[in-house]
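Letters are used for the chains, namely A, B, C, D, E and F, taken in the order the chains are written, and counting of residues starts over at 1 for each.
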Amino acid sequence: MNKFLHFVKSHIIAVSVLFIALSAAAFGGTGFLRAQSAAETTAGFSDNALLADYRRVEVASVSDALEQLTGRRMYMSHRMHPLFTTKFAGFARTVLLKKDEGNSDPAALNGMLEAIDQGSTDSVYVMVVEDGENIAGMGGLMGTAMAARGYAGAVIDGGVRDVAYLRKIGFPVYATGIVPSTSVHHYRFAGSQMPVTCDGVTVNAGDIVAADSDGVVVVPRSKAQEVLTLAQQMDFKEHSMYAVIEQTKSILEAVKKFGRL
Amino acid sequence: MNKFLHFVKSHIIAVSVLFIALSAAAFGGTGFLRAQSAAETTAGFSDNALLADYRRVEVASVSDALEQLTGRRMYMSHRMHPLFTTKFAGFARTVLLKKDEGNSDPAALNGMLEAIDQGSTDSVYVMVVEDGENIAGMGGLMGTAMAARGYAGAVIDGGVRDVAYLRKIGFPVYATGIVPSTSVHHYRFAGSQMPVTCDGVTVNAGDIVAADSDGVVVVPRSKAQEVLTLAQQMDFKEHSMYAVIEQTKSILEAVKKFGRL
Amino acid sequence: MNKFLHFVKSHIIAVSVLFIALSAAAFGGTGFLRAQSAAETTAGFSDNALLADYRRVEVASVSDALEQLTGRRMYMSHRMHPLFTTKFAGFARTVLLKKDEGNSDPAALNGMLEAIDQGSTDSVYVMVVEDGENIAGMGGLMGTAMAARGYAGAVIDGGVRDVAYLRKIGFPVYATGIVPSTSVHHYRFAGSQMPVTCDGVTVNAGDIVAADSDGVVVVPRSKAQEVLTLAQQMDFKEHSMYAVIEQTKSILEAVKKFGRL
Amino acid sequence: MNKFLHFVKSHIIAVSVLFIALSAAAFGGTGFLRAQSAAETTAGFSDNALLADYRRVEVASVSDALEQLTGRRMYMSHRMHPLFTTKFAGFARTVLLKKDEGNSDPAALNGMLEAIDQGSTDSVYVMVVEDGENIAGMGGLMGTAMAARGYAGAVIDGGVRDVAYLRKIGFPVYATGIVPSTSVHHYRFAGSQMPVTCDGVTVNAGDIVAADSDGVVVVPRSKAQEVLTLAQQMDFKEHSMYAVIEQTKSILEAVKKFGRL
Amino acid sequence: MNKFLHFVKSHIIAVSVLFIALSAAAFGGTGFLRAQSAAETTAGFSDNALLADYRRVEVASVSDALEQLTGRRMYMSHRMHPLFTTKFAGFARTVLLKKDEGNSDPAALNGMLEAIDQGSTDSVYVMVVEDGENIAGMGGLMGTAMAARGYAGAVIDGGVRDVAYLRKIGFPVYATGIVPSTSVHHYRFAGSQMPVTCDGVTVNAGDIVAADSDGVVVVPRSKAQEVLTLAQQMDFKEHSMYAVIEQTKSILEAVKKFGRL
Amino acid sequence: MNKFLHFVKSHIIAVSVLFIALSAAAFGGTGFLRAQSAAETTAGFSDNALLADYRRVEVASVSDALEQLTGRRMYMSHRMHPLFTTKFAGFARTVLLKKDEGNSDPAALNGMLEAIDQGSTDSVYVMVVEDGENIAGMGGLMGTAMAARGYAGAVIDGGVRDVAYLRKIGFPVYATGIVPSTSVHHYRFAGSQMPVTCDGVTVNAGDIVAADSDGVVVVPRSKAQEVLTLAQQMDFKEHSMYAVIEQTKSILEAVKKFGRL
C-alpha cells in the first residue's frame, strides 16, 4: 500500500472513531438511558411501538444485548428452523404438551385449542412438545386459526406438518423438524401461559419473542425497553462498520476503533 | 363479538356439523367401506389407479389413517430430507448395504446394480446403508438409471451426492444427509426385495411408499386400499375445516364439531 | 363409475348445496350486510382491524368483489412483480415523478423524500415514475427509510434497484422491472397524496392497497368494509370448494352447486 | 499447450469420432428407424410408454428434432413461464375462450368446465384466452379439478391466479402472466378439442405437449415416435459432448467431430 | 418527538456530516483522484486487481458513477434476466449473430465457436442475436466450454436454453428469455471482438462487464479505474447511510447531509 | 427387449468400452501421470491455474480420488451446510478458537482478526470453534472483511450468524448451524495457520479446500496436482456414463464396462 492511501485510511479511521465516540456519548451514556426510561414511563410507549421496533432490530443484536445486560443466554439453538425466511416479533403465548401415549381421551388437547383461541394480534405461539422431535406439534389447522387471529408466528420445540399449506398462507413457524405425524392420542395438554423451557430457553407468557433469519430470541418483558435500546445501538454500530471494513479491508482496525466485534 | 355475529357463527357450525355428519354417513360408515371393498375386488382397481390416488392424498393423512387402522407408526423421522420439494408414490424396491470396510471386491455392490436394473415405472427405490449418514448411498449415476427406468423416486437411509445433477434431471430423492463420499470399497450388497428397517420403519418389497413436503410414509400393500379411503376422508375433513376456521377464527369450535384435529 | 359411488357423490353435492345455501342465507343477505354496517358504525371498527382482515383475505377475492360491487377493474397487471413472495395491506401514500431529463436541481426530488418521511406504520408507498420501466424509482435507501418507519410495502410503476439489500431487510416491493439506474437528474417530484394512475389503476391517498402472490389490488377507502365482507365470503366459498372438488373430481358439478367459479 | 497434451487430446477426439460414428451407424441410419417403426407397429408401443419416454427427453432436443424432421417451429415463446420448475408430458386437451365483455350468462364458461371434467391421467390442459395476458384463465379451483383427475399439467396462453395454492398442491402450470383477475363475465367458451393457436403454436387435441425448464413444445401425434427417436439421439450426443468439452476445453473441435451444436 | 431525542439526533447528523465531509476531502477531491491515477500508472495495477475490485462494488454504483463521469447510460434494461442470483465482472468478448433464415451451411456459426475458444479466465461472453428474443443464442454446450475456459459469465441479447444444466454447473448467464430453440440454420456469425449494441448499450471488446442482482453495466476500459474509484466512494456513502437512516428514520435529513440519494 | 435393440445396445457398449479403454490408455496410465508431473515442474503450473481447475472439478470426484490415492477420508460430514448454493476452491487459512467462558479480555479474539487481515484472494477461511455448534463463529463483519480481501469462502466447524447479510453480499459460508449468538466473552484465540481438525478432517494451512453442493473436501498441498488429474478423469468417466445409462437404461452394464460406479 502506498503512503498516500495509508494516509487516507488513517484519516477515515480517525473520523470513524470521532463519529462513533460522539454517537456513544449521545446514545450510550447512562444519562441517556435513564432519561429515556423516564420519558418512557411518562409518555407511555405502547406495546405496539415496542413490537414495531423489535421487528426492525436484528435478533443477533438482541441476543448480544441480552447477554450483556443480563448475563443470560436467551437464544434458541441451531436445531430451530423456520419453514421459510421470515422476521417477526410478538408476545409469547405458551403451551406445554406432555406425553400420554395411547390415550383415547378426545379432550386431551382441548386446553391447547383454548389457548390458541385466546391469542390475538401480536401473539407468538410457543409450544413445547415433550420429546417431540418426531411429533408434529402443529399443522395447517392450528396455523390457520393462528393466522385468522392475527398471531405473529409460532415457535415449536417439536415437529410441524402441513408445511406446504403453512407456506401457502404465509404463516411463519419455527420448529425442530418436519414430520407427517400427529400428537393426537400420544400427548396431553399440560398447561398454558406458564413458564416453559423451549429448546433450552425459559419463556414466560408475555415475554417478547423475536425471530429472523439468524434464529429466535426471548426477551423478558421487564427488560424489553432496555434491551431494545442497546440492541439498536449495536445494530447502528455494526451497520456503520460494514462500509468502513469494505473500504479499509481490515477488520482488526475496525474492531479496535469501534470497540466491538 | 356481538350477538348477531354469534348467531351467524352458530348456524355455520350447525351446518358444518350436518354437512360432515352426512358425509360421514355416506363415506365413513362400515357399510360403505365394505361395499367399496367388494366393488374393488370385482372391479379390479388397478395398481395404476391406486398409485394415482396415493399421489393426490396428503402423506400426513396417510400416516394418521395408518395409525388409526393399524396402531403402528409408519412414517419416517425428521432426519429424512428431500433434495427438492416433491410429491410421489410408488411400490418399494428394497436394498440393504452392510459395512465391509476396505473390501476391494469389484462385485461387492453388483447386487445393488441388478436390483436397480430390475425396477420400472412406479418403483420407489428404498435403500438402507448401515451407519450411512456420512456415506453417499446413491448419486447421479444411480439416479440417472432410476430416472431412465421410470422410478417414482428414492428414499435412502444414508447419504446422497451429485445433488446438483439430481436436481437438474428432477429425480426426487429423500436422504438423511448430503455428502461427497462413496460406498465403494466400504460397503457390500446384503440383499434386495427383503424387509428392511429404513429410518425406523419396516419396509417390505411392494409396500406403497408415499412422499410429500411433510415426509415419507410406508403403507403395507394389504392395507393400501383401506388406508387410502380413510386418508381421503381425512383430507376432505381437513380441507373443509380450513375455510370454517378462517371464518370463525376458532379452532376449538371447529375441532369439536368436525370431531378431529 | 359404479352406481353406489354415484349415489354417494350425489349426496355430498346435496349436502354441499344445503351447506352453502344456509351460509349464504346467514352471511350473504342484504339484511346481514346492513346489520353489520350498522354494527361497524357503532362499534367503530378501527383501521387496524380493517387492515388485519385485508392481510388475511386473498387479493384475487378482493379483485372479484370489487368488480362485482363496483364494476371496475382495480388490479394491477402481470407487469408488476414482487421482489420476493409476500402478503401485505396498508393505506396508499402516493407520489408522482415526472421526467425532467438532465436537470441538476439538487432539490428536484425533495418532495418525494418528504412524502416518505411523513408515512408510518401501515402506509404503502405507491409511486408512479413516468415512462419508468428502466429507471429505478426506489432502492435500498428509500426502502430502509420506509422499513424504519414501519411501512407495509411499496408498489412502483417503474423500476427498483438494490434488490439484494431490500431482500436482506425483508422490505416487500412490487415493481415493473429491476434496473441499476437512478432517477436523480432525470426526474422531478410532481406531487404526493394526489390521485395517480399506477399500472393502469387509479390510486387515491388512503386507498387500501393489498398485495399477495397473485398481484396487487386497490380498494377505494369508502368501499373497503363492503368489499372486505364480500371477499371473505368468496374466500370461504372457494376454500370450501377445494375439498369437494378433490372428492368429486368434477369442477362442473361444484361450480353449478356453489354458484361460482 | 505442450505437445504431449496435444497428442492426448487428438486421441480423445479420434476416439470420440469413432464412438459417435458407430453410434450413428447403429441408431441414426434410415434402416434402423424403419426397423424400429416396424417393431413399434407389431409390438404396439403403448401411449404410456411413449409419454414415459417424452418425460425423459429434453424439450430442447424435441424442438430441434421437430424442426429437422418437419421444418416447423413448434415451441412456445419466452413469454410462457412455469409457476415452478417442472417437467411433464401429456396429450393436449384444448380449449378456446373468446372475449364477451360484460356478459352475465352463468353458463358462458360451462363448456370449459365440461372439457376439464372429461380429461384424465396424462391430459395436458391447453387453453387460449383471447387477449388474455391480464386475465387469469385458470386458478386454484380448475387446478384442483385437473390434479384430482390426474392431468400432467396445464399451458395457458393467458394469465393464472391462486399461484400459492397451485404451488401448494404441486400442479404445474405455464402461463404468460400472474394476475388476480377472473374470466367470469368477460369471456365465453368457444370450443374444446379443436385446433388452437397457443402462443403462436398450433395445438391439436391429442398432440403431445412436453414441458421442462427450457419451455414448452408441441408434437403432432403422427410424428411422435419419429421425433422421439431423433430427440433421444440428440440428447445422447449432447450429453456425450459435455464430458469431452470439459476435457478438451474446445467447443469448436467438439462440434466439428460430433457434427452438431 | 421529545426534545432530548431531537438533541441526540441533531448531534448524530452533525457527526455524520463531519464524517462524510472529511471522507469526501480525503477521497473525493480532484487532487486525490489525480494522485491515485499517477500511482496507478507507476504501480501498474494489474487487470486482476481491477476485476477483483469490480467484483466487490455494486453495479448500481458503477452505473451512477459512469453517468456522472461520462453522461452516458451504460446499463442494460429490465429485459435482461439472470438464470440465478450471481455477481461477476470480466472483460467483454463480443460476438454478433445475424439472421440467415434457412441456411444449411454447417460452418455458418464456426466464427462464434472460434471466438468462444479464444476466451479465457475473466472473459465475459457478450453476444447479440439479431431479433433473438425467441432464439436460444447459447445453451449447455457453449456454457460448458466457457466454464471450462474460466469465463466469468455470459450476457446474451437473445434467448438461452439448457438452463437446468447451466444452473447445475453454476455458469452465470443473463439473457432476455428462456426458449428451447436453436440458432442453427437460422443465424450466421457476423463478427467477433467488434463493437456491438447489446440491449441498447454499446459494448467494445475488452470493456469491463459487471453484473449483480440489479443487472448488467458496461464500463469502457479507458474509464475503468476512474469509474471504479467513484463507485467505491458511492458504495461507501450509501452503506454509511443505511445505519443513519435506520436510526433517524428520516431519508430527507440523511440525503441533505450526505449530499446524495 | 427385441433382438434388434439388443444388437444396437451391444454395439454401443462395445464402442463405449473401446472409447474408455483408449481414454484410459491416454490419460490414466502411470506413464502419463509421470510425464505430466514432469511437465508441471518445468512448465511451472501456477497456483492460479491449479485453483481454476479445482473450481471446475466435482468435489465428489476429488473425494474419491483422494481416497484412492491416499486411503484417507478427507471430506466433511453431512453436518456442514452452505448458506446458499455455491462452488469454490482456495487455500486454507486456519484458525482455532478455544472455550474461555466469561472472559472479559477485549483482546481475546485479536489473533483471529489478525489472521483474517492477512488472507487474500484465494484464501478459504477454516475455523474450528470448540464445541461451537450453538456459537456463531463468524458473522457479517468478518464476512465483509473476507469478501473485501477477496477470500473464496469460509468453512466453520461451528455456527454462523448475519446470514441475511452474508447472502446479500454473496459471500459463501459452510457451517454446522445458524445461531444468533456471539463468541465474544466465551472464546479465546488459540492459534492460526496451524493444523486443525475441522468436522473430523485435518486441515493444514495452505491445503486446498474445495466446496460445492455435495459438501467440502480438503486436499493436502503436496497431493494437489495428482489428485486433480485423477479427479478430472473420474469426472470425465462419470459425465460420459450419464448419456450411456440414459440410453441403455442399465447401470449394471455401464458400471461393468466403464469399470467404476
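One rule holds for everything that comes next: contacts are C-beta pairs under 8 Å (C-beta built on N, C-alpha and C of every residue); 3 or more make two chains touch, one makes a residue touch a chain.
All values reported here derive from a predicted model rather than from experimental measurement.
Counting steps between touching chains, the shortest path from chain B to chain D takes 1. Any chain touching chain C that also touches chain F appears here: A, B, D, E. Repeated interface, listed pairs A-D, C-F or A-C, reference B-D: A-C, with more than half of the contact pairs matching by residue number. Interface chain A/chain C: over half of the residue numbers present appear on both copies, so the contact uses mostly the same residues. Mean C-alpha position of chain B lies 34 Å from that of chain F.
Taken residue by residue, chain C touches two or more other chains at 56, 85, 148, 164-165, 170, 212, 238, 242, 246, whereas all remaining positions touch fewer. Judged by the touch criterion defined above, the protein chains are all mutually in contact, each touching every other.
By the touch rule above, chain F contacts chain A in their complex via residues 109-110, 113-114, 116-117, 133-134, 136, 139-142, 144-145, 148-149, 159, 161-165, 176-182, 184-185.
Put simply, chain C touches chain F in their complex at residues 164-165, 167-170. Interface residues of chain C, counted against chain A in their complex, comprise 48, 52, 56, 84-87, 121, 147-148, 150, 170, 212.
The residues of chain B lying in touch with chain A in their complex are 58-60, 62-64, 67, 73, 75, 77-79, 85, 212-217, 238, 241-242, 245-246, 249-252, 254-255, 260-261. Note for the complex: chain F touches chain D at residues 2, 4-5, 8, 11-12, 15-16, 18-19, 22-23, 26-27, 32, 35-36, 39, 43, 56, 232, 235-240, 242-243, 246-247.
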